[in-house]
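Here it is, the structure in full.
When the chains are written out, they are named A, B, C and D in that same order, and each has its own residue count from 1.
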Amino acid sequence: MIQTLDVSVVYNGGPPALRDVSLRIEKGEFIFIVGPTGMGKSTFLKLINREAVPAKGKVIVAGRDITKLEARHIPELRRQIGVVFQDFQLLPQKTVWENVAFALQAIGADRHRIYREVPRALELVSLTHKANSYPQELSGGEQQRVSIARAIVNNPAIVLADEPTGNLDPETSWDIVQLLSKINIRGSTVVVATHDKYIVDGMKKRVVAIENGQVVRDEPGGYHHAVTEELGILPP
Amino acid sequence: MLSLRNWEFFLRETFINVRRNGLMSLAAVSTVVVSLSILGSFLLAVVNLDAMASDMARKVEITMFFLEPVSKIGAQRARKRVLEIRGVKEVQFVSRREALNRLKERLEGQIDFSDIEKSNPLPDSLEVRVFDPDQVGNVVTQLKRMQPPAGVPGFDTPQYGEKYAQRILHFSRAVKALGMFTAALLSLSILVIINNTIRLTIFARRREIRIMQLVGATNWFIRVPFLMEGILHGFIGSALASLLLLCGYYYTVTHFRMAFPFVPVIPVEGIMGHFFWVLCFMGLLFGYAGSLISIRKFLANL
Amino acid sequence: MIQTLDVSVVYNGGPPALRDVSLRIEKGEFIFIVGPTGMGKSTFLKLINREAVPAKGKVIVAGRDITKLEARHIPELRRQIGVVFQDFQLLPQKTVWENVAFALQAIGADRHRIYREVPRALELVSLTHKANSYPQELSGGEQQRVSIARAIVNNPAIVLADEPTGNLDPETSWDIVQLLSKINIRGSTVVVATHDKYIVDGMKKRVVAIENGQVVRDEPGGYHHAVTEELGILPP
Amino acid sequence: MLSLRNWEFFLRETFINVRRNGLMSLAAVSTVVVSLSILGSFLLAVVNLDAMASDMARKVEITMFFLEPVSKIGAQRARKRVLEIRGVKEVQFVSRREALNRLKERLEGQIDFSDIEKSNPLPDSLEVRVFDPDQVGNVVTQLKRMQPPAGVPGFDTPQYGEKYAQRILHFSRAVKALGMFTAALLSLSILVIINNTIRLTIFARRREIRIMQLVGATNWFIRVPFLMEGILHGFIGSALASLLLLCGYYYTVTHFRMAFPFVPVIPVEGIMGHFFWVLCFMGLLFGYAGSLISIRKFLANL
């Protein structure tokens, strides 16, 4: 369970990126965060893995207020969360294989598990043939899929995907969302920040729209409210 | 927490990093080589200077003039008596004849010796050397108190170049102190240089550290490969520096000995083992300290 | 006029990223490059600004075969081309303003021109309020728009846009494409590699589809062939 | 191509870079400070050692013994004649009486002088000093050929500690040669260190260089701010090092003089201006060379 209570985020002196956001995401939920560019979607995701610290309010993840987490306990939190970063954040000196394996090594997985899980994850994002390439040798979409593979390789309780299909064609995008959906069905909570109208409309999941740092819409349905109405899905 | 599996990972990680960051490794290692070579050369110079100064100091002599001419047997007895005094290393009997010969040699051409040679106004004497130049004063006091053995004439007050001895001692102490002070300062400078270099190699990879943190790696997990890399760079660099210095020293000593046979230098064998390990240890330590100090900064902003 | 003649690109030893691609883009054209992820769209764009050198074939830009260009003449070529990079390629030590200004400084523009053009370009991508921010302080979409502003600031003869709307919401994406269209009308040749079906379908421009390093479709119309037929636009 | 506008841009660019890359600038500058301080200290030491050795060599004396006792006026005439010889710096008349007094002092307690004092076997003499110790041999040859002025007794063959003089000369030359060789080697080492540091600062920004190339900047346009940065780092570092060294030297010289008043050291004023500028120039040059060498590599893959 993820919950934010009246959270505001202020980046050094600027206007608040999030303003009094209260949102509750149940365990096992699949939720889309949508909204115009620069309105606070990534910031909201960063709150959950404590990349961002709120100026005010509480962020509760798995029953703990992580705003008060000591620095040395942050890795524990992050190991339960798989993140697909908007800018991929791949280690440039490591191959695709090593990048994905690193997420397992960091949590102390043994050789056996690494050699079982990494190929499986690469298989899921269709990158087995690029295992020995370095990130700079990949196309944008391939890098994005490496980031996805790394996020899901250790079966995290929470998956945060920030624009996971921005560099993928519609067909591959759909495959990736199906993959996230599968992981969700297996028990992970999945939060996807996206601009992809096709996907949001097609999935008919809960959609939270953020505008100017505030939640302006929270209902199951499509990317736009009109679509939701068209689909005939009513707010809960 | 530090299981075998982890160490395996760290070792592989370290070697992969060193290989993939060839340019940085090269820069780090060559900086260590060069800077430790400087430090090492300096230490070698100091050690030798110190040895020379000590050697000079050790040459301070106390001369005991017999009040009257002495027989060979009497001289031997007196010599033994002096040798018993603590701190005395060597005692040599110098007969009046020998003393005159020495003087002649020294003043050759300045004096017409024909007159003097007949009467020989020089007394018999004992030349006393001490182990530790610091002890000259003590030894002299004891020599003054000493009773000559039976059948041997007494001694005049012991003579030694007091001012000269003081100066040499002063000098030798100054060399030691200055050497140590400068060595400390130089070591510190070298540490700064190596630290800067390592900091820059880590700085170039600050984004990687950040990514590792984001993926949930603990700080020590991120830190260990960097520390091992620092140690490796330090060790390789210092080993190369040691080798270079030993070769250079061997060459220099050989030539120096030929040019200045009268100046005492420490032979290569005398410093080899010790020196090699000290330098390697320093390299290792500097590498470790450098990376430890440097990485801290980049791990801070979790 | 941009023309490739039987061009193949091979990245160190791998399978060719482009195979015998011959394509002719007229001066003043607006063209979309589409295709699944990792199939060679970016590689095609990289050929034009000589980021990539073909293993075989000719690349003719403005009447010159640039595959034989000497290193010291490459900057001249690149100054005529504005590129929106898929991974933005912003200078991290420079502010948004400085990043955009750099493209002008590099071509030796004077102070006057810089102070006139930079604010105008930032205005066009709605980033005037972020002029003094550093790239790391921007959202993904904002970074993307900085890259766009930099690409168009010096009115280049050719604009290459690699996935220029991957991090933008549908509305902003549409605005950006309109912007590119406007620049096209003013005379620049515009080549856009994209996955954005909405935009391609909406613009009804020439679409080149690349798959497995080869051109598999080249016709005015939509993202998919089916759409093109639906639109009733016939291949020329 | 290099218009005023460009220089304005480059200057602003350089200062912005130095400010925004505070950590790297700090590392670069402190490395320059430390390594040039090492080089500077060494140069100061060499210059002083050289001065000392020259001083020693300059003390080599040639003694001309008169064959017979000489009058004061005769001695003065002879002295003038000797002074005319090329290469002679100083001539001092030493009477037999003075000579005996000196000897007494030296051999105090070793000889009973009562006998000698009456007859005084020592001759009158002239002590000759030369300007350049290398010229001793020549001067001696000329002295041998010289005719004593009228009314003045002739001279014995000129005496000088030939072996001693040779040794001192040898030593002084060795100090000079070794000093220059080591200074060259050390300068090279410092260049390596500074070059490595600058290379790493540029390495950390290799991506930026790549981006600038992609945007159409020419290589020289990218290079100039880096070069200027290198020069700035080198200059600031060397200026700080000079200051540090001058203060340190002043302090050391003051204390050294008190401890060893008989050893000649070069006063601060004697090196200040010159030294300061040489070191600053070196820093500047090293900074420039370092960045020029380093950036080349990163500009290559257009």
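Operating definition for what follows: contacts are C-beta pairs under 8 Å (C-beta built on N, C-alpha and C of every residue); 3 or more make two chains touch, one makes a residue touch a chain.
Please read all numbers here as calculations on a predicted model, not as lab measurements.
Common neighbours of chain A and chain B: there are none. Taking the mean of the C-alpha atoms as each chain's centre, chain A and chain C sit 28 Å apart. If you average the Cα atoms of chain B and of chain C, the two centres end up 68 Å apart.
Chain C and chain D have Cα centroids separated by 63 Å.
In chain B, no residue touches two or more other chains.
In terms of inter-chain touching, the protein chains here make up one closed cycle, each touching precisely two others. Chains touching one another form the pairs A-B, A-C, B-D, C-D. Partner chain D is touched in their complex by these residues of chain C: 49, 51, 71-72, 74-79, 81, 83, 85, 89-93, 102-103, 105-108, 110-111, 150.
Contact residues on chain B toward chain D in their complex (touch as defined above): 23-24, 27-28, 30-31, 34-35, 37-38, 41, 63, 65, 99, 103, 107, 109-113, 115-116, 119, 121-123, 156, 159, 170-171, 174, 182, 186, 189, 192-193, 196-197, 199-201, 203-204, 259-260, 297. Across the complex, chain C meets chain A through its residues 11, 34-38, 41-42, 86-87, 137-142, 145, 162-163, 166-173, 195, 197-198, 223. Those residues of chain B that touch chain A in the complex are listed here as 3, 5-6, 9, 16-17, 20-21, 205, 207-208, 211-219, 221, 302.
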